[in-house]
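Right, I'll just put the structure down here and ask away after.
Order of writing sets the labels: A, B, C and D. Residues in every chain begin at 1.
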Amino acid sequence: MKKILMALMAVLTAFSSALAQEKIHITFWHAMGGSRAAFIDRMVQDFNYTHPNIEVKAQYKGSYRDTLNSAILAYKQGNAPHIVQIFEVGSQLALDSGIFMPFQNLVKPGNYALLNDFIKPVANYYRIKGNFNSVPFNSSNPILYYNKSLFKKAGLDPENPPKTFDEIVDACVKLKKAGVRYCITWPLHSWFVEQWIAEQGALLANNENGRKARATNIYINSKPMYRIMKWWKDLYDKGYYAYSGKPEDWDGANNLFVSQQAAMLITSTSDVTILENAAYEHGFKLGTGFLPVPDGIKRNGVVVGGASLWVTKGHPKKELEAAKEFLLWFTNTENEVRWHKGTGYFPVRESAVKVLKFERWFDKHPAYRAAFDQLLQTIPNRATQGALIGNFPEIRTIIENAVQEILAGKPIKAVLKEADRKADQALKRYNMSVR
Amino acid sequence: MAEAMITLKNVNKSFGKNKVLEKINFSIRKGTFTVILGASGSGKTTLLRLIAGLDFPTGGKIFINGKDVTQEEASKRNISMVFQSYALFPHMNVRENIVFGLKIRKVKKEEIEKKLSTVTKMLKIDNLLGRKPSELSGGQRQRVALARAIISERLICLMDEPLSNLDAKLRSSMRKELKSLQEKLNLTVIYVTHDQIEAMSMADEIILINNGKIEQHADPKTIYENPKTIYVAEFIGTPPMNIFNINLIKNSNIKLPENAEKAGVRPESISFERREIKIGDGEIVFCEYHGSETIYSVKVNETLINVKSIEGKHTIGEKISLYCNREQLLFFNREGRKL
Amino acid sequence: MERHSLYKSKLTALMFILPTLVILIIFLYYPTFQTFKMSLYRVAFLGLSKQFVGLENYRYIFSSPEYRKIFLNTAIFVVLSVVISLVIGLFLAVLANQKIKGKTVFRLLLIWPYALPPAVAGVIFLFLFNEQSGMVNYILKHVANIALPWLSKSYLAMGVVITAFVWKMVGYNVVFYLAALQNIPKDIIEAAKVEGASIFQTFFKVTLPMLSPITLFLVVTNTIAAFFESFTFIDLITKGGPADSTTVIIYSIYRDGFEYFKTGLAAAESVILFICVVILTLIQLRVSRRMVHYEK
Amino acid sequence: MRSNILKISVYILLTISVFIIAMPVITAFIFSTQTPAEIFSYPPKFTIGKALIENYKTAWNMYHLGRYILNTFFIAVAVTVGKIAISFLAATVLVCFDIPLKRFLFIFILLTLMMPTEIMIVALFDLVTKFGWSNSYFALIVPFLASATGTFLFRQHFLQISPAIVDAAKIEGAGPIQFAMKILFPMSTNVIAALTVIEFVYVWNQYLWPLVIIRENSKQMIQIGLRMMITGQDATNWGIVMAGAVISLLPALAVFLFLQRYLTKGLFLGSEK
């Protein structure tokens, strides 16, 4: 009798463990390397632990460009990941590629509250034609970081960073005199150009930044653009601005700032944590301020940078459900707070902001505040909503090439005109191919 | 008369348009040592390869032991072969080289060992078994190649100029060894060479080929004394037989055969002293002193005649008369056939 | 030519050669053919949409200044890097071929970059040539008090990429040149010396001509490597910048094909590159036939 | 006297060259031992830093270089062995078999020298994708199994082997397969060793193809692993990246150093006995 019972027990355990192994596997590709990858891995582990029937596997796929490309290639290859992290300017491309499904379709209308909880500027960017196609996850915008210790040394007010282009130049004169090697740095990246365009209330593409209808014309040869380039080139020519020489080299800029060769750095809010730690390690005080803007214009605000999470088509319903469950968990209030504190990316939910305010987080960590205030003060309009352009990654390359040519000494107007032509032509070919 | 071991019937071989062998017919008896002799390019090696089954005739038939093997692969013909370059497998040591064939044929291990020890002792290479071919001298390689051929105990052994890569001294001792080995094992050997001394000293029979055709097939004595053609006469002997126009001796009072165009006489048969026939008066233009004999080149009219003599006293420039006996003269017709 | 006794079994022959043929047909001939075909289409997102456009892709490539610049970049990169890596390779091989002590060690230390992964070279160069924190500028600053904008000036960036490529390629060239030098019969060199030729005369009049077959071979292999292996260096060090001044054809193929998803355009570029390779190979065949008399 | 000066200058030149060639790797190694603060200290330090073990550990574990090395090693061995076997067999047919169209076959194989993978990458991507290999080692192995270089080298080598060897093997009763396996193959050790170096290094250094075709990180190859270390949005820790560079260099270098003396022997068959 005992034996039979034992056997029965054994069968039952085997059965239940077989059931337990019947997990739903979800793959999640992201572009967060290094310490952020570790952070994501920890969050995913927590999810897997609390959701025994779902197994999420997170994979780092390189840069944002690489990750998006990889996803499209994978879809074509028939093994697309369920969830992909895609940078903001990849949104139209992602839509055009036709390999993703609108996230909103996964959410029952009764749960729309979860979607309405996203803060305005973020929702503003990702809601395309009234639809949430993806779940905002890591949002950021550019802010000014500065080295308070060097500021003090140069006789500048360490609590009052420059706010405009001219103020930057003024600060540079003093910093240079004080023996700072370079005054300011930021990665040679089209993202900053896009931000400065938005700050001036200007558009980057026709058809209301591609929001009303598909964009067919890129505005590179424009006054706002000229303002940016002129200032940039002046800084560079005077030896105030430095970059590593490689486009989109985030590290290069960070390293210059961290090694105190440059007193100011313009980069993403998402680097707050990293830079705070680095400043501590290298023995200087870190300050943060708003993105400096051209003089004589009204500060219009920034475009929400960062990335959102997309769900690919063609998976069984069970897996889509699991993916949805993971995404809602991953971006829930608690995790948003955790993510913000761990990295510096914004909390994208109103509720998370409330929690942080309640905890007096920003008072205790002033470095995190600039980004947040800058976002909240942004005026919602077509300019700050950001452009939707199908081949935005390619347009970015064209803009970055133009900047490099300008810095190398070519006349700004001619370069912008040529870049404008190139961009329009590339967009025309792109639009033809997706039609 | 022993049975025919190998028979070729009307064998032809051509490479493209180039006819290498034409209408080859012969039989070889069991246990004989047959030498295929010929200048380079005469087709002798091709002939051997046809017998081996490494090439296949364009026409005709080949029989071994009464069986038609014309289209048989080499491995099915029950023969062994020794190559001019020895063709030892460079990556195998002596032992592996020798027993390679036996292993391929899956002979039992103990049997292989037994045979190996017999053969290597016989050839005195039992102390070299672990060495690679590159560590052996020419003579040792030769013995290994022989051992590889012998160990298979096949009755027919084909040899393609096996001694030509050895130095002169070693070559002559190997000749004797080869011959006695053949007799001891009662092998049927077909031996290809361009060296008439090898042929004369070892062969039971010589097949002399020229330009893809057999000139003469006979034992060495017949070949030497009774060459069928001028080609054979001139090929054999050092120096070769003197061939001159019949006019040279027309005035001698002897009866010449009808149609005779040329006459031939061996250098050792010519004498400086009066004999039945006077070949002519001449002048010594060259002499080669060999110790036991001297070879004089004598210019008679416009013809150069070699004389082999035990007398070494004559010198260059000396005027001298040449003679020979009637039975020492051979006569050939216009086509070079002996009359 | 010596005659071989051949095996006749057709079945075995087929069995032996079939794997090679099958793989070559499926993975080399067929895709090459497909590339030609694809170059006549406008393809978006790797075939998610596709439309026949004839020679439009080629017309676009040849009429666009951007692509003309890419061809020019490719030519500059290939010519400079091949010439430099061959000259340095030959120079080092001649040095290492002298009768000196410890030459085996020297040789090893000269040829090891043969095994150097281009990605490793790329990553290291990216780090070394960083304009502000790189080692090269650090040393320059100390020695000559200058710092060069290595990656933001077009010709300097091209120079960095070429240097990385040459570094990787030199080992390969030394291997071949050393072997070729050792194959030159000593008596020829000695004969030249006896005739009273100086070291330099001997080198230029005797050694160099004797090396022409291997040089030709190396020109072709180096050129093909420059066409294709350059991808790694450019992807890692410059990403084609600054302002597309280091974008070569293979990098453009990758970018158009797998980043911008203009598959048809990428295929057309591939066809153009393929034609270059074919022409090069044909030249090699012709010239090498004329030069055989230098070989033993 | 003059020759002495010459010799000394040869030594000096060689030493300088050797040093310049090794310089980047030495620098990489030094920085691979430093912490970020040490690396970006100004002026830089040229001594072994504090993070030697930590950097290598991080590169190996956190950046999964261990996994990539294992993958690449497996793929390199598979391609090298397969390629050598397959091209050996093809060359055997081209030299030792009597078959029609031999010359045509040889040219057919040789022509593929003009078709490197990179040139048809778009179409090959499509094809391999259709086979559904994008997440498997097959994609990195199968297309590379046949080789014109290998076939060509083996063929040249076989043509130098005395024809009598074939004859002898036939007389001894070896069939074509036995001949290939027991005679030809062991006689080709130089070519095999040379090809091992060439192919191993080739596979080890693969970059564009795995970048394009492989989606699953756990199947990725080492050089792409190295690439992923520097393309993130994070601040790169160059010490760890340099450690990664050193790690991804060593195996190919080891194989090369181990077999390099066969390289010239195998490539220059003409000088062989």
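Everything below uses one rule, namely that a contact is a pair of C-beta atoms (placed from the backbone, for glycine too) under 8 Å apart; a residue touches a chain by one contact, two chains touch by 3 or more.
Note that the structure is predicted; figures quoted are calculated from it, not measured.
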Relative to chain C, the most remote chain by C-alpha centroid is chain B
Judged by C-alpha centres, the chain sitting nearest the middle of the protein is D
Dist(centroid_CA(chain B), centroid_CA(chain C)) in Å evaluates to 59
Distance between the CA centroids of chain A and chain B (whole Å) is 93
Whole-Å distance, C-alpha centre of chain A to that of chain D, is 39
In whole angstrom, the CA-centroid distance of chain B from chain D equals 55
The positions of chain C in contact with two or more other chains are 3, 5, 8, 46-47, 126, 133, 258
Where chain D touches two or more other chains simultaneously, the residues are 40, 42, 125, 167, 170, 175, 212, 227, 229-230
Multi-partner residues in chain B (2 or more other chains touched) are 49, 54, 73-74
Here the pairs of chains that touch are A-C, A-D, B-C, B-D, C-D
Chain C contacts chain A in the complex at 42-49, 51, 60, 66, 126, 129-133, 149-154, 157, 237-239, 241-244, 258-262
The answer for chain B against chain C in the complex is residues 49, 54-55, 73-74
Listed in rising order, chain C residues that touch chain B in their complex are 3, 5, 8
Residue set of chain A touching chain C in the complex reads 65, 69, 72-73, 76, 96-99, 181-182, 188, 242-248, 252, 255-256, 259, 261, 391, 393-394, 400-402, 404-405, 407-408, 422, 429-430, 432-434
The answer for chain D against chain A in the complex is residues 36-37, 40-42, 62, 125, 129, 132, 134-135, 212, 215-217, 227-237
